[in-house]
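The structures considered in this document are given below.
Two complexes follow with chain A in common, the first pairing it with chain B and the second with chain C.
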Partner chain A sequence: MFKELDPILHSQLRLAVMSLLIGVKEAEFTFIREKTNSTAGNLSVQIQKLKDVGYVDVTKQFKDNYPLTTCKITKKGINAFEDYVKALQQYLQVKK
Partner chain B sequence: MQNEKEFTAQESLQLIQAMINKTKLQVAGNTSHFLIWGWLAFIICIAQYILLAWMHNEHHYYVWIFIWIGVFFEIRNAIRYKKKVKVHTYIGDSMKHLWTGLGITFSVTAIVCVTSHWINCLPLFIILYAVGTFVSGCFLQFTPLKIGGVLCWIIAIIAANFSYDLQILFTALALLVSYIIPGHLLRNQYQHQ
Partner chain C sequence: MAEEKKLTEQESLQLITEMIHKVKSSFHESGTSAILWGSIIGFCGLFSFLQFQFQFSTGWFDVWLLTFIAILPQIIISIRETRQKRILTYEETAMNAIWLVFGISIFALTFYNNAVPKITESFYAKEGIELLQKNIATGEITTFHPFVLSISSVYLILYAVPTLATGLARKFKPMTFGGIICYLFFIISCFTTYKYDMLLHSLAGIFCWLIPGLILRRNYLKGNACVNV
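What follows is the complex of A and B.
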(Lines of atoms letter the chains of each structure in order from A and count residues from 1; the text may use other names and numbers.)
(Lines give C-alpha, C1' and ligand atoms only; values in the text may rest on other atoms or scores of the structure.)
Protein backbone atom coordinates (compact mmCIF):
# COMPACT_ATOMS: atom_id res chain seq x y z
CA MET A 1 0.00 0.00 0.00
CA PHE A 2 1.45 3.36 -1.02
CA LYS A 3 1.72 6.21 1.35
CA GLU A 4 0.04 9.19 -0.23
CA LEU A 5 2.43 11.99 -1.14
CA ASP A 6 2.00 15.04 1.07
CA PRO A 7 0.14 17.55 -1.18
CA ILE A 8 1.82 20.47 0.59
CA LEU A 9 5.25 19.17 -0.39
CA HIS A 10 4.28 17.74 -3.78
CA SER A 11 4.52 21.14 -5.41
CA GLN A 12 7.65 22.22 -7.25
CA LEU A 13 8.39 25.50 -5.49
CA ARG A 14 7.39 24.39 -1.98
CA LEU A 15 9.50 21.25 -2.35
CA ALA A 16 12.43 23.34 -3.59
CA VAL A 17 12.13 25.62 -0.54
CA MET A 18 11.99 22.67 1.84
CA SER A 19 14.95 20.98 0.10
CA LEU A 20 17.01 24.15 0.54
CA LEU A 21 16.03 24.62 4.17
CA ILE A 22 16.66 20.97 5.12
CA GLY A 23 20.42 21.50 4.64
CA VAL A 24 20.84 24.80 6.46
CA LYS A 25 20.18 26.32 9.88
CA GLU A 26 18.27 29.30 8.49
CA ALA A 27 18.16 31.22 5.23
CA GLU A 28 17.15 34.71 4.17
CA PHE A 29 14.21 35.14 1.82
CA THR A 30 16.49 36.61 -0.89
CA PHE A 31 18.76 33.57 -0.74
CA ILE A 32 15.79 31.22 -1.29
CA ARG A 33 14.50 33.41 -4.13
CA GLU A 34 17.91 33.35 -5.87
CA LYS A 35 18.34 29.60 -5.56
CA THR A 36 14.81 28.72 -6.66
CA ASN A 37 14.67 31.32 -9.47
CA SER A 38 11.21 32.32 -8.35
CA THR A 39 9.43 35.65 -8.11
CA ALA A 40 9.12 37.36 -4.73
CA GLY A 41 5.30 37.29 -4.88
CA ASN A 42 4.99 33.60 -5.70
CA LEU A 43 7.63 32.65 -3.17
CA SER A 44 5.91 34.65 -0.41
CA VAL A 45 2.63 32.83 -1.06
CA GLN A 46 4.27 29.40 -0.99
CA ILE A 47 6.30 30.14 2.14
CA GLN A 48 3.11 31.33 3.83
CA LYS A 49 1.47 27.96 2.97
CA LEU A 50 4.44 26.12 4.48
CA LYS A 51 4.23 28.34 7.54
CA ASP A 52 0.48 27.75 7.93
CA VAL A 53 0.99 23.98 8.20
CA GLY A 54 3.91 24.47 10.61
CA TYR A 55 6.68 23.24 8.29
CA VAL A 56 8.71 26.46 8.46
CA ASP A 57 9.24 29.29 10.91
CA VAL A 58 9.38 32.77 9.44
CA THR A 59 11.06 35.62 11.28
CA LYS A 60 10.67 39.20 10.14
CA GLN A 61 13.06 41.84 11.40
CA PHE A 62 15.10 44.83 10.25
CA LYS A 63 18.77 44.86 9.26
CA ASP A 64 20.41 48.22 8.44
CA ASN A 65 16.93 49.77 8.12
CA TYR A 66 15.84 47.17 5.52
CA PRO A 67 13.25 44.47 6.18
CA LEU A 68 14.80 41.04 6.56
CA THR A 69 12.81 37.82 6.35
CA THR A 70 14.47 34.65 7.58
CA CYS A 71 13.10 31.12 7.16
CA LYS A 72 13.91 28.03 9.15
CA ILE A 73 12.59 24.48 8.84
CA THR A 74 10.73 23.16 11.92
CA LYS A 75 10.83 19.70 13.50
CA LYS A 76 7.41 19.02 11.98
CA GLY A 77 8.78 20.15 8.60
CA ILE A 78 11.79 17.81 8.88
CA ASN A 79 9.50 14.85 9.70
CA ALA A 80 7.17 15.71 6.81
CA PHE A 81 10.12 16.02 4.42
CA GLU A 82 11.55 12.66 5.52
CA ASP A 83 8.17 10.97 5.14
CA TYR A 84 7.80 12.52 1.69
CA VAL A 85 11.21 11.21 0.55
CA LYS A 86 10.43 7.73 1.96
CA ALA A 87 7.12 7.70 0.10
CA LEU A 88 8.86 8.75 -3.12
CA GLN A 89 11.49 6.02 -2.74
CA GLN A 90 8.78 3.42 -2.10
CA TYR A 91 6.90 4.59 -5.17
CA LEU A 92 10.01 4.49 -7.39
CA GLN A 93 11.06 1.03 -6.14
CA VAL A 94 7.71 -0.48 -7.09
CA LYS A 95 7.79 1.23 -10.48
CA LYS A 96 11.20 -0.36 -11.39
CA MET B 1 10.11 28.25 -10.93
CA GLN B 2 6.51 27.25 -11.48
CA ASN B 3 4.56 26.16 -8.47
CA GLU B 4 1.57 24.02 -9.33
CA LYS B 5 3.10 22.26 -12.36
CA GLU B 6 2.47 18.49 -12.24
CA PHE B 7 5.67 16.55 -11.78
CA THR B 8 6.61 12.93 -11.34
CA ALA B 9 8.25 11.17 -8.40
CA GLN B 10 11.48 11.01 -10.38
CA GLU B 11 11.38 14.75 -11.02
CA SER B 12 10.69 15.33 -7.33
CA LEU B 13 13.84 13.46 -6.34
CA GLN B 14 15.87 15.30 -8.98
CA LEU B 15 14.59 18.63 -7.66
CA ILE B 16 15.49 17.68 -4.06
CA GLN B 17 18.98 16.64 -5.16
CA ALA B 18 19.49 19.82 -7.20
CA MET B 19 18.46 22.05 -4.29
CA ILE B 20 20.63 20.16 -1.79
CA ASN B 21 23.59 20.54 -4.18
CA LYS B 22 22.95 24.29 -4.34
CA THR B 23 23.35 24.58 -0.57
CA LYS B 24 26.29 22.18 -0.41
CA LEU B 25 28.96 24.84 -0.87
CA GLN B 26 27.20 27.32 1.36
CA VAL B 27 27.96 25.02 4.30
CA ALA B 28 31.62 25.89 4.00
CA GLY B 29 30.96 29.43 5.19
CA ASN B 30 33.95 31.69 4.76
CA THR B 31 36.81 29.48 3.55
CA SER B 32 39.30 32.21 2.60
CA HIS B 33 41.06 31.92 5.95
CA PHE B 34 42.89 28.77 4.81
CA LEU B 35 44.62 30.84 2.14
CA ILE B 36 45.21 33.94 4.28
CA TRP B 37 46.77 32.06 7.20
CA GLY B 38 48.43 29.43 5.01
CA TRP B 39 50.33 31.86 2.76
CA LEU B 40 51.12 34.34 5.51
CA ALA B 41 52.54 31.75 7.93
CA PHE B 42 54.34 29.98 5.05
CA ILE B 43 56.12 33.20 3.98
CA ILE B 44 56.98 34.00 7.60
CA CYS B 45 58.48 30.50 8.08
CA ILE B 46 60.65 30.85 4.97
CA ALA B 47 61.73 34.36 6.03
CA GLN B 48 62.58 33.12 9.53
CA TYR B 49 64.60 30.20 8.11
CA ILE B 50 66.59 32.57 5.87
CA LEU B 51 67.26 34.92 8.78
CA LEU B 52 68.29 32.06 11.08
CA ALA B 53 70.13 29.59 8.87
CA TRP B 54 71.61 31.83 6.19
CA MET B 55 72.00 35.27 7.81
CA HIS B 56 72.51 34.02 11.38
CA ASN B 57 70.36 36.83 12.72
CA GLU B 58 69.70 36.33 16.44
CA HIS B 59 66.37 38.17 16.24
CA HIS B 60 64.99 35.86 13.52
CA TYR B 61 61.76 35.24 15.46
CA TYR B 62 60.74 38.91 15.12
CA VAL B 63 59.30 38.09 11.67
CA TRP B 64 56.35 36.49 13.48
CA ILE B 65 55.13 39.98 14.31
CA PHE B 66 53.76 40.00 10.74
CA ILE B 67 51.24 37.35 11.79
CA TRP B 68 49.14 40.31 12.99
CA ILE B 69 48.46 41.03 9.31
CA GLY B 70 46.46 37.78 9.34
CA VAL B 71 44.52 38.88 12.42
CA PHE B 72 43.68 42.18 10.68
CA PHE B 73 42.47 40.43 7.48
CA GLU B 74 40.53 37.85 9.49
CA ILE B 75 38.64 40.54 11.43
CA ARG B 76 38.01 42.55 8.23
CA ASN B 77 36.74 39.45 6.38
CA ALA B 78 34.55 38.43 9.31
CA ILE B 79 32.87 41.87 9.32
CA ARG B 80 32.35 41.82 5.52
CA TYR B 81 31.11 38.22 5.58
CA LYS B 82 28.62 38.97 8.36
CA LYS B 83 27.12 41.76 6.25
CA LYS B 84 26.73 39.75 3.04
CA VAL B 85 25.88 36.29 4.37
CA LYS B 86 22.31 35.24 3.58
CA VAL B 87 22.30 31.74 4.97
CA HIS B 88 23.49 30.15 8.19
CA THR B 89 24.45 26.51 8.33
CA TYR B 90 25.21 24.14 11.20
CA ILE B 91 28.53 23.22 9.59
CA GLY B 92 29.43 26.89 9.07
CA ASP B 93 28.78 27.54 12.76
CA SER B 94 30.75 24.44 13.78
CA MET B 95 33.69 25.60 11.62
CA LYS B 96 33.57 29.02 13.26
CA HIS B 97 33.66 27.51 16.75
CA LEU B 98 36.44 25.06 15.82
CA TRP B 99 38.70 27.78 14.41
CA THR B 100 37.95 30.24 17.23
CA GLY B 101 38.97 27.55 19.72
CA LEU B 102 42.07 26.70 17.72
CA GLY B 103 42.98 30.38 17.32
CA ILE B 104 42.96 30.75 21.10
CA THR B 105 44.94 27.50 21.44
CA PHE B 106 47.58 28.79 18.97
CA SER B 107 47.99 31.95 21.07
CA VAL B 108 48.16 30.07 24.39
CA THR B 109 50.65 27.57 22.93
CA ALA B 110 52.83 30.46 21.73
CA ILE B 111 52.83 31.97 25.24
CA VAL B 112 53.71 28.57 26.78
CA CYS B 113 56.46 28.10 24.19
CA VAL B 114 58.11 31.43 25.04
CA THR B 115 58.59 30.21 28.61
CA SER B 116 59.86 26.79 27.49
CA HIS B 117 62.43 28.24 25.01
CA TRP B 118 60.58 26.85 21.95
CA ILE B 119 61.84 23.29 22.43
CA ASN B 120 59.73 21.11 20.13
CA CYS B 121 57.07 23.80 19.95
CA LEU B 122 56.86 23.88 16.16
CA PRO B 123 55.80 20.20 15.97
CA LEU B 124 53.06 21.12 18.48
CA PHE B 125 51.84 23.84 16.12
CA ILE B 126 51.90 21.33 13.25
CA ILE B 127 49.70 19.00 15.36
CA LEU B 128 47.24 21.88 15.82
CA TYR B 129 47.20 22.46 12.02
CA ALA B 130 46.42 18.76 11.67
CA VAL B 131 43.45 18.91 14.06
CA GLY B 132 41.99 22.01 12.39
CA THR B 133 42.32 20.87 8.81
CA PHE B 134 41.35 17.23 9.43
CA VAL B 135 38.18 18.14 11.35
CA SER B 136 37.33 20.85 8.78
CA GLY B 137 37.81 18.28 6.01
CA CYS B 138 35.41 15.93 7.81
CA PHE B 139 32.82 18.71 8.26
CA LEU B 140 33.05 19.77 4.61
CA GLN B 141 33.53 16.22 3.28
CA PHE B 142 36.55 17.55 1.44
CA THR B 143 39.26 14.90 1.08
CA PRO B 144 42.28 17.20 0.37
CA LEU B 145 41.82 18.83 3.79
CA LYS B 146 41.58 15.44 5.49
CA ILE B 147 44.74 14.26 3.70
CA GLY B 148 46.46 17.53 4.68
CA GLY B 149 45.57 16.87 8.32
CA VAL B 150 46.92 13.32 8.25
CA LEU B 151 50.14 14.50 6.55
CA CYS B 152 50.57 17.13 9.28
CA TRP B 153 50.46 14.46 11.98
CA ILE B 154 53.19 12.52 10.12
CA ILE B 155 55.27 15.69 9.52
CA ALA B 156 54.98 16.55 13.25
CA ILE B 157 56.46 13.17 14.26
CA ILE B 158 59.32 13.52 11.76
CA ALA B 159 59.98 17.19 12.64
CA ALA B 160 60.38 16.35 16.35
CA ASN B 161 63.62 14.52 15.45
CA PHE B 162 65.28 17.54 13.83
CA SER B 163 66.87 20.80 14.96
CA TYR B 164 64.87 24.02 15.37
CA ASP B 165 65.94 25.56 12.04
CA LEU B 166 64.83 22.50 10.11
CA GLN B 167 61.61 22.36 12.14
CA ILE B 168 60.81 25.77 10.63
CA LEU B 169 61.01 24.23 7.15
CA PHE B 170 58.85 21.30 8.26
CA THR B 171 56.29 23.83 9.52
CA ALA B 172 56.30 25.52 6.10
CA LEU B 173 55.80 22.12 4.46
CA ALA B 174 52.90 21.36 6.83
CA LEU B 175 51.27 24.69 5.94
CA LEU B 176 51.68 23.92 2.24
CA VAL B 177 49.97 20.52 2.42
CA SER B 178 47.27 21.37 4.96
CA TYR B 179 46.29 25.01 4.27
CA ILE B 180 47.62 26.25 0.93
CA ILE B 181 47.02 23.34 -1.48
CA PRO B 182 43.61 22.30 -0.01
CA GLY B 183 42.66 26.00 0.28
CA HIS B 184 43.25 26.57 -3.43
CA LEU B 185 41.47 23.33 -4.36
CA LEU B 186 38.50 24.35 -2.22
CA ARG B 187 38.39 27.79 -3.83
CA ASN B 188 38.56 26.23 -7.32
CA GLN B 189 35.69 23.90 -6.48
CA TYR B 190 33.66 26.85 -5.19
CA GLN B 191 34.35 28.92 -8.34
CA HIS B 192 33.45 26.05 -10.68
CA GLN B 193 30.07 25.60 -9.03
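What follows is the complex of A and C.
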Protein backbone atom coordinates (compact mmCIF):
# COMPACT_ATOMS: atom_id res chain seq x y z
CA MET A 1 0.00 0.00 0.00
CA PHE A 2 1.50 3.33 -1.06
CA LYS A 3 1.53 6.26 1.25
CA GLU A 4 -0.12 9.25 -0.38
CA LEU A 5 2.25 12.09 -1.21
CA ASP A 6 1.64 15.12 1.00
CA PRO A 7 -0.26 17.58 -1.26
CA ILE A 8 1.28 20.53 0.55
CA LEU A 9 4.77 19.36 -0.36
CA HIS A 10 3.95 17.91 -3.75
CA SER A 11 4.08 21.28 -5.43
CA GLN A 12 7.16 22.65 -7.16
CA LEU A 13 7.79 25.88 -5.27
CA ARG A 14 6.76 24.64 -1.83
CA LEU A 15 8.94 21.56 -2.23
CA ALA A 16 11.83 23.75 -3.36
CA VAL A 17 11.42 25.95 -0.27
CA MET A 18 11.28 22.95 2.05
CA SER A 19 14.30 21.36 0.35
CA LEU A 20 16.27 24.56 0.92
CA LEU A 21 15.20 24.92 4.53
CA ILE A 22 15.86 21.27 5.45
CA GLY A 23 19.62 21.86 5.16
CA VAL A 24 19.84 25.12 7.09
CA LYS A 25 18.91 26.44 10.49
CA GLU A 26 17.30 29.52 8.98
CA ALA A 27 17.34 31.43 5.70
CA GLU A 28 16.39 34.92 4.64
CA PHE A 29 13.40 35.38 2.35
CA THR A 30 15.57 37.02 -0.31
CA PHE A 31 17.92 34.03 -0.31
CA ILE A 32 15.02 31.62 -0.87
CA ARG A 33 13.60 33.83 -3.61
CA GLU A 34 16.96 33.96 -5.37
CA LYS A 35 17.60 30.21 -5.17
CA THR A 36 14.10 29.22 -6.26
CA ASN A 37 13.96 31.82 -9.06
CA SER A 38 10.50 32.85 -7.92
CA THR A 39 8.76 36.19 -7.56
CA ALA A 40 8.33 37.77 -4.14
CA GLY A 41 4.53 37.64 -4.35
CA ASN A 42 4.35 34.01 -5.39
CA LEU A 43 6.90 32.97 -2.79
CA SER A 44 5.07 34.86 -0.03
CA VAL A 45 1.85 32.99 -0.83
CA GLN A 46 3.56 29.59 -0.82
CA ILE A 47 5.47 30.30 2.40
CA GLN A 48 2.23 31.41 4.01
CA LYS A 49 0.67 28.03 3.05
CA LEU A 50 3.62 26.22 4.61
CA LYS A 51 3.30 28.39 7.68
CA ASP A 52 -0.44 27.72 7.96
CA VAL A 53 0.14 23.96 8.19
CA GLY A 54 2.97 24.49 10.67
CA TYR A 55 5.82 23.35 8.43
CA VAL A 56 7.79 26.61 8.67
CA ASP A 57 8.23 29.45 11.11
CA VAL A 58 8.46 32.97 9.75
CA THR A 59 10.12 35.79 11.68
CA LYS A 60 9.83 39.40 10.63
CA GLN A 61 12.25 41.97 11.99
CA PHE A 62 14.32 44.97 10.92
CA LYS A 63 17.99 44.97 9.92
CA ASP A 64 19.66 48.33 9.21
CA ASN A 65 16.22 49.94 8.93
CA TYR A 66 15.11 47.44 6.29
CA PRO A 67 12.50 44.73 6.87
CA LEU A 68 14.04 41.29 7.16
CA THR A 69 12.04 38.08 6.88
CA THR A 70 13.66 34.83 7.93
CA CYS A 71 12.21 31.34 7.58
CA LYS A 72 13.04 28.15 9.39
CA ILE A 73 11.65 24.67 9.13
CA THR A 74 9.75 23.34 12.15
CA LYS A 75 9.91 19.87 13.72
CA LYS A 76 6.56 19.12 12.08
CA GLY A 77 7.99 20.29 8.77
CA ILE A 78 11.04 18.03 9.12
CA ASN A 79 8.81 15.01 9.84
CA ALA A 80 6.56 15.84 6.89
CA PHE A 81 9.56 16.24 4.59
CA GLU A 82 11.05 12.93 5.74
CA ASP A 83 7.71 11.16 5.22
CA TYR A 84 7.45 12.73 1.77
CA VAL A 85 10.93 11.50 0.78
CA LYS A 86 10.16 7.99 2.11
CA ALA A 87 6.93 7.88 0.11
CA LEU A 88 8.79 9.12 -2.94
CA GLN A 89 11.36 6.35 -2.56
CA GLN A 90 8.56 3.79 -2.40
CA TYR A 91 7.08 5.04 -5.67
CA LEU A 92 10.43 5.10 -7.38
CA GLN A 93 11.38 1.58 -6.24
CA VAL A 94 8.20 0.17 -7.74
CA LYS A 95 8.70 2.03 -11.01
CA LYS A 96 12.25 0.61 -11.44
CA MET B 1 9.26 28.76 -10.64
CA ALA B 2 5.63 27.82 -11.24
CA GLU B 3 3.29 28.13 -8.30
CA GLU B 4 1.29 24.91 -8.28
CA LYS B 5 2.97 22.79 -10.94
CA LYS B 6 2.38 19.13 -10.15
CA LEU B 7 5.52 17.08 -10.21
CA THR B 8 6.31 13.52 -11.10
CA GLU B 9 8.14 11.49 -8.43
CA GLN B 10 11.33 11.70 -10.48
CA GLU B 11 11.03 15.47 -10.83
CA SER B 12 10.41 15.83 -7.10
CA LEU B 13 13.57 13.93 -6.28
CA GLN B 14 15.53 15.94 -8.81
CA LEU B 15 14.23 19.19 -7.35
CA ILE B 16 15.15 18.16 -3.80
CA THR B 17 18.68 17.25 -4.90
CA GLU B 18 19.06 20.48 -6.85
CA MET B 19 17.95 22.65 -3.92
CA ILE B 20 20.18 20.87 -1.41
CA HIS B 21 23.10 21.36 -3.80
CA LYS B 22 22.24 25.05 -4.18
CA VAL B 23 22.37 25.51 -0.40
CA LYS B 24 25.71 23.71 -0.19
CA SER B 25 27.24 25.88 -2.88
CA SER B 26 26.06 29.01 -1.07
CA PHE B 27 28.53 28.59 1.79
CA HIS B 28 31.24 31.20 1.49
CA GLU B 29 33.96 31.85 3.99
CA SER B 30 36.32 34.77 3.60
CA GLY B 31 39.02 33.23 5.82
CA THR B 32 39.61 36.63 7.47
CA SER B 33 39.41 35.33 11.06
CA ALA B 34 41.75 32.44 10.31
CA ILE B 35 44.26 34.81 8.70
CA LEU B 36 44.01 37.20 11.65
CA TRP B 37 44.67 34.55 14.31
CA GLY B 38 47.21 32.67 12.22
CA SER B 39 49.20 35.89 11.76
CA ILE B 40 48.93 36.90 15.43
CA ILE B 41 49.98 33.51 16.85
CA GLY B 42 52.63 33.10 14.15
CA PHE B 43 54.10 36.52 14.92
CA CYS B 44 53.91 36.25 18.73
CA GLY B 45 55.53 32.80 18.71
CA LEU B 46 58.31 33.87 16.39
CA PHE B 47 58.90 37.11 18.33
CA SER B 48 59.15 35.18 21.63
CA PHE B 49 61.58 32.73 20.06
CA LEU B 50 63.75 35.59 18.79
CA GLN B 51 63.60 37.25 22.22
CA PHE B 52 65.09 34.12 23.80
CA GLN B 53 67.51 33.56 20.96
CA PHE B 54 68.95 37.08 20.93
CA GLN B 55 68.28 37.93 24.58
CA PHE B 56 66.42 41.20 24.16
CA SER B 57 63.56 42.56 26.23
CA THR B 58 60.45 44.62 25.52
CA GLY B 59 60.16 45.69 29.15
CA TRP B 60 56.74 45.29 30.69
CA PHE B 61 55.14 44.58 27.34
CA ASP B 62 54.62 40.90 26.65
CA VAL B 63 54.14 40.31 22.94
CA TRP B 64 51.40 37.75 23.71
CA LEU B 65 49.22 40.66 24.91
CA LEU B 66 48.61 41.22 21.20
CA THR B 67 46.22 38.24 21.33
CA PHE B 68 43.99 40.29 23.66
CA ILE B 69 44.17 43.30 21.35
CA ALA B 70 43.22 41.08 18.39
CA ILE B 71 39.86 40.36 20.02
CA LEU B 72 38.66 43.80 18.92
CA PRO B 73 39.11 43.29 15.14
CA GLN B 74 37.72 39.77 15.59
CA ILE B 75 34.51 41.21 17.07
CA ILE B 76 34.24 43.67 14.15
CA ILE B 77 34.86 40.86 11.61
CA SER B 78 32.24 38.63 13.28
CA ILE B 79 29.59 41.37 13.34
CA ARG B 80 30.26 42.28 9.70
CA GLU B 81 30.17 38.67 8.49
CA THR B 82 27.00 37.90 10.47
CA ARG B 83 25.30 40.89 8.81
CA GLN B 84 26.30 39.69 5.36
CA LYS B 85 25.13 36.11 5.87
CA ARG B 86 21.70 35.28 4.53
CA ILE B 87 21.57 31.71 5.78
CA LEU B 88 22.60 30.05 8.99
CA THR B 89 23.38 26.33 8.89
CA TYR B 90 23.32 23.84 11.77
CA GLU B 91 26.92 22.97 10.97
CA GLU B 92 27.94 26.61 11.16
CA THR B 93 26.20 27.00 14.52
CA ALA B 94 28.06 23.96 15.87
CA MET B 95 31.41 25.22 14.51
CA ASN B 96 30.86 28.67 16.01
CA ALA B 97 30.18 27.00 19.37
CA ILE B 98 33.39 24.95 19.13
CA TRP B 99 35.51 28.03 18.36
CA LEU B 100 33.81 30.07 21.09
CA VAL B 101 34.53 27.34 23.64
CA PHE B 102 38.11 27.19 22.32
CA GLY B 103 38.51 30.94 22.87
CA ILE B 104 37.14 30.70 26.41
CA SER B 105 39.40 27.71 27.14
CA ILE B 106 42.52 29.54 25.91
CA PHE B 107 41.84 32.43 28.26
CA ALA B 108 40.93 30.03 31.09
CA LEU B 109 44.26 28.25 30.58
CA THR B 110 46.11 31.58 30.56
CA PHE B 111 44.40 32.46 33.82
CA TYR B 112 45.32 29.05 35.26
CA ASN B 113 48.94 29.46 34.20
CA ASN B 114 49.21 32.88 35.82
CA ALA B 115 47.16 32.25 38.96
CA VAL B 116 47.89 28.69 40.11
CA PRO B 117 51.65 29.00 40.84
CA LYS B 118 51.12 32.16 42.96
CA ILE B 119 48.12 30.66 44.75
CA THR B 120 50.04 27.44 45.42
CA GLU B 121 52.92 29.43 46.87
CA SER B 122 50.55 31.41 49.10
CA PHE B 123 48.90 28.19 50.37
CA TYR B 124 52.32 26.83 51.30
CA ALA B 125 53.22 30.12 52.96
CA LYS B 126 50.04 30.00 55.09
CA GLU B 127 51.15 26.60 56.36
CA GLY B 128 54.59 27.97 57.06
CA ILE B 129 56.21 26.09 54.20
CA GLU B 130 58.71 27.56 51.79
CA LEU B 131 59.86 25.59 48.78
CA LEU B 132 63.61 25.59 48.28
CA GLN B 133 65.91 24.62 45.46
CA LYS B 134 69.55 23.65 45.66
CA ASN B 135 72.14 24.28 43.02
CA ILE B 136 74.07 21.01 43.05
CA ALA B 137 77.14 22.65 41.54
CA THR B 138 77.52 25.53 43.99
CA GLY B 139 75.44 24.18 46.88
CA GLU B 140 73.51 27.46 46.97
CA ILE B 141 69.95 27.17 48.29
CA THR B 142 67.34 29.63 47.05
CA THR B 143 63.54 29.97 47.16
CA PHE B 144 61.73 27.88 44.57
CA HIS B 145 58.75 29.55 42.96
CA PRO B 146 56.28 26.94 41.61
CA PHE B 147 55.30 27.03 37.96
CA VAL B 148 53.21 24.91 35.60
CA LEU B 149 55.50 22.54 33.73
CA SER B 150 55.59 22.79 29.92
CA ILE B 151 52.38 24.83 29.75
CA SER B 152 53.08 25.70 26.12
CA SER B 153 52.59 22.01 25.22
CA VAL B 154 49.06 22.19 26.66
CA TYR B 155 48.33 25.23 24.51
CA LEU B 156 49.37 23.23 21.44
CA ILE B 157 46.87 20.47 22.28
CA LEU B 158 44.21 23.11 22.68
CA TYR B 159 45.06 24.63 19.28
CA ALA B 160 44.75 21.20 17.67
CA VAL B 161 41.27 20.36 19.02
CA PRO B 162 39.03 22.88 17.19
CA THR B 163 41.30 22.93 14.15
CA LEU B 164 41.18 19.18 13.58
CA ALA B 165 37.46 19.03 14.47
CA THR B 166 36.70 21.77 11.92
CA GLY B 167 38.92 20.20 9.27
CA LEU B 168 37.27 16.79 9.64
CA ALA B 169 33.71 18.10 9.91
CA ARG B 170 34.09 20.38 6.88
CA LYS B 171 36.27 17.96 4.95
CA PHE B 172 38.76 20.79 4.61
CA LYS B 173 42.14 19.14 4.20
CA PRO B 174 44.43 22.13 4.97
CA MET B 175 42.85 22.45 8.43
CA THR B 176 42.85 18.69 9.03
CA PHE B 177 46.56 18.70 8.18
CA GLY B 178 47.05 21.72 10.48
CA GLY B 179 45.34 19.90 13.37
CA ILE B 180 47.41 16.75 12.88
CA ILE B 181 50.68 18.66 12.63
CA CYS B 182 49.71 20.53 15.79
CA TYR B 183 49.51 17.23 17.70
CA LEU B 184 52.94 16.39 16.29
CA PHE B 185 54.24 19.75 17.55
CA PHE B 186 52.73 18.94 20.95
CA ILE B 187 54.77 15.71 21.16
CA ILE B 188 57.93 17.51 20.05
CA SER B 189 57.32 20.30 22.59
CA CYS B 190 57.38 17.78 25.44
CA PHE B 191 61.08 17.30 24.69
CA THR B 192 62.09 20.87 23.93
CA THR B 193 62.82 23.97 25.97
CA TYR B 194 60.47 26.94 26.23
CA LYS B 195 62.43 28.80 23.55
CA TYR B 196 61.75 26.14 20.91
CA ASP B 197 58.19 25.70 22.19
CA MET B 198 57.63 29.30 21.09
CA LEU B 199 58.90 28.45 17.62
CA LEU B 200 56.48 25.50 17.53
CA HIS B 201 53.67 27.87 18.56
CA SER B 202 54.55 30.12 15.67
CA LEU B 203 54.54 27.19 13.23
CA ALA B 204 51.26 25.92 14.71
CA GLY B 205 49.63 29.32 14.08
CA ILE B 206 50.89 29.27 10.49
CA PHE B 207 49.84 25.67 9.72
CA CYS B 208 46.56 25.62 11.65
CA TRP B 209 45.12 28.98 10.63
CA LEU B 210 47.25 31.22 8.43
CA ILE B 211 47.72 28.79 5.51
CA PRO B 212 44.12 27.43 5.62
CA GLY B 213 42.89 31.02 5.96
CA LEU B 214 44.85 32.13 2.90
CA ILE B 215 43.48 29.17 0.92
CA LEU B 216 39.93 30.09 1.98
CA ARG B 217 40.59 33.69 1.06
CA ARG B 218 41.86 32.73 -2.38
CA ASN B 219 38.77 30.55 -2.96
CA TYR B 220 36.50 33.29 -1.64
CA LEU B 221 37.97 35.84 -4.00
CA LYS B 222 37.65 33.40 -6.88
CA GLY B 223 34.03 33.07 -5.86
CA ASN B 224 34.10 29.30 -5.78
CA ALA B 225 34.53 28.62 -2.07
CA CYS B 226 32.71 25.49 -1.03
CA VAL B 227 33.72 25.28 2.60
CA ASN B 228 32.77 27.44 5.52
CA VAL B 229 35.12 27.39 8.47
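In the analysis below, the second predicted complex is superposed on the first by the 96 of 96 C-alpha atoms of A that agree within 3 Å, B and C clash if a C-alpha of one lies under 4 Å from a C-alpha of the other, contacts with A are read in each partner's own complex, and residues count from 1 in each chain.
One rule holds for everything that comes next: contacts are C-beta pairs under 8 Å (C-beta built on N, C-alpha and C of every residue); 3 or more make two chains touch, one makes a residue touch a chain.
Predicted model, so just to flag it, every value in this text is computed and none were measured.
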Partner chain(s) touched by A:11 [first = chain B, second = chain C, both, neither]: both
Which of chain B and chain C A:27 touches, first, second, both or neither: both
Touched partner set for A:46, first chain B, second chain C, both or neither: both
Residues on chain A lying within both footprints (that of chain B and that of chain C): 5, 10-13, 15-16, 19-20, 22-28, 30-31, 35-38, 42, 45-46, 85, 88, 91-92, 95
Chain B-touching residues of chain A, taken from the complex the two chains share: 5, 10-16, 19-20, 22-28, 30-31, 35-38, 42, 45-46, 85, 88, 91-92, 95
Complex interface listing, chain A residues touching chain C: 5, 10-13, 15-16, 19-20, 22-28, 30-31, 35-38, 42, 45-46, 63-64, 84-85, 88, 91-92, 95
In the complex, chain C residues that touch chain A: 1-7, 9-10, 12-13, 15-16, 18-20, 22-24, 26, 83, 86-90, 92-93
Sites on chain B touched by chain A in the complex: 1-5, 7, 9-10, 12-13, 15-16, 18-20, 22-24, 26-27, 86-90, 92-93
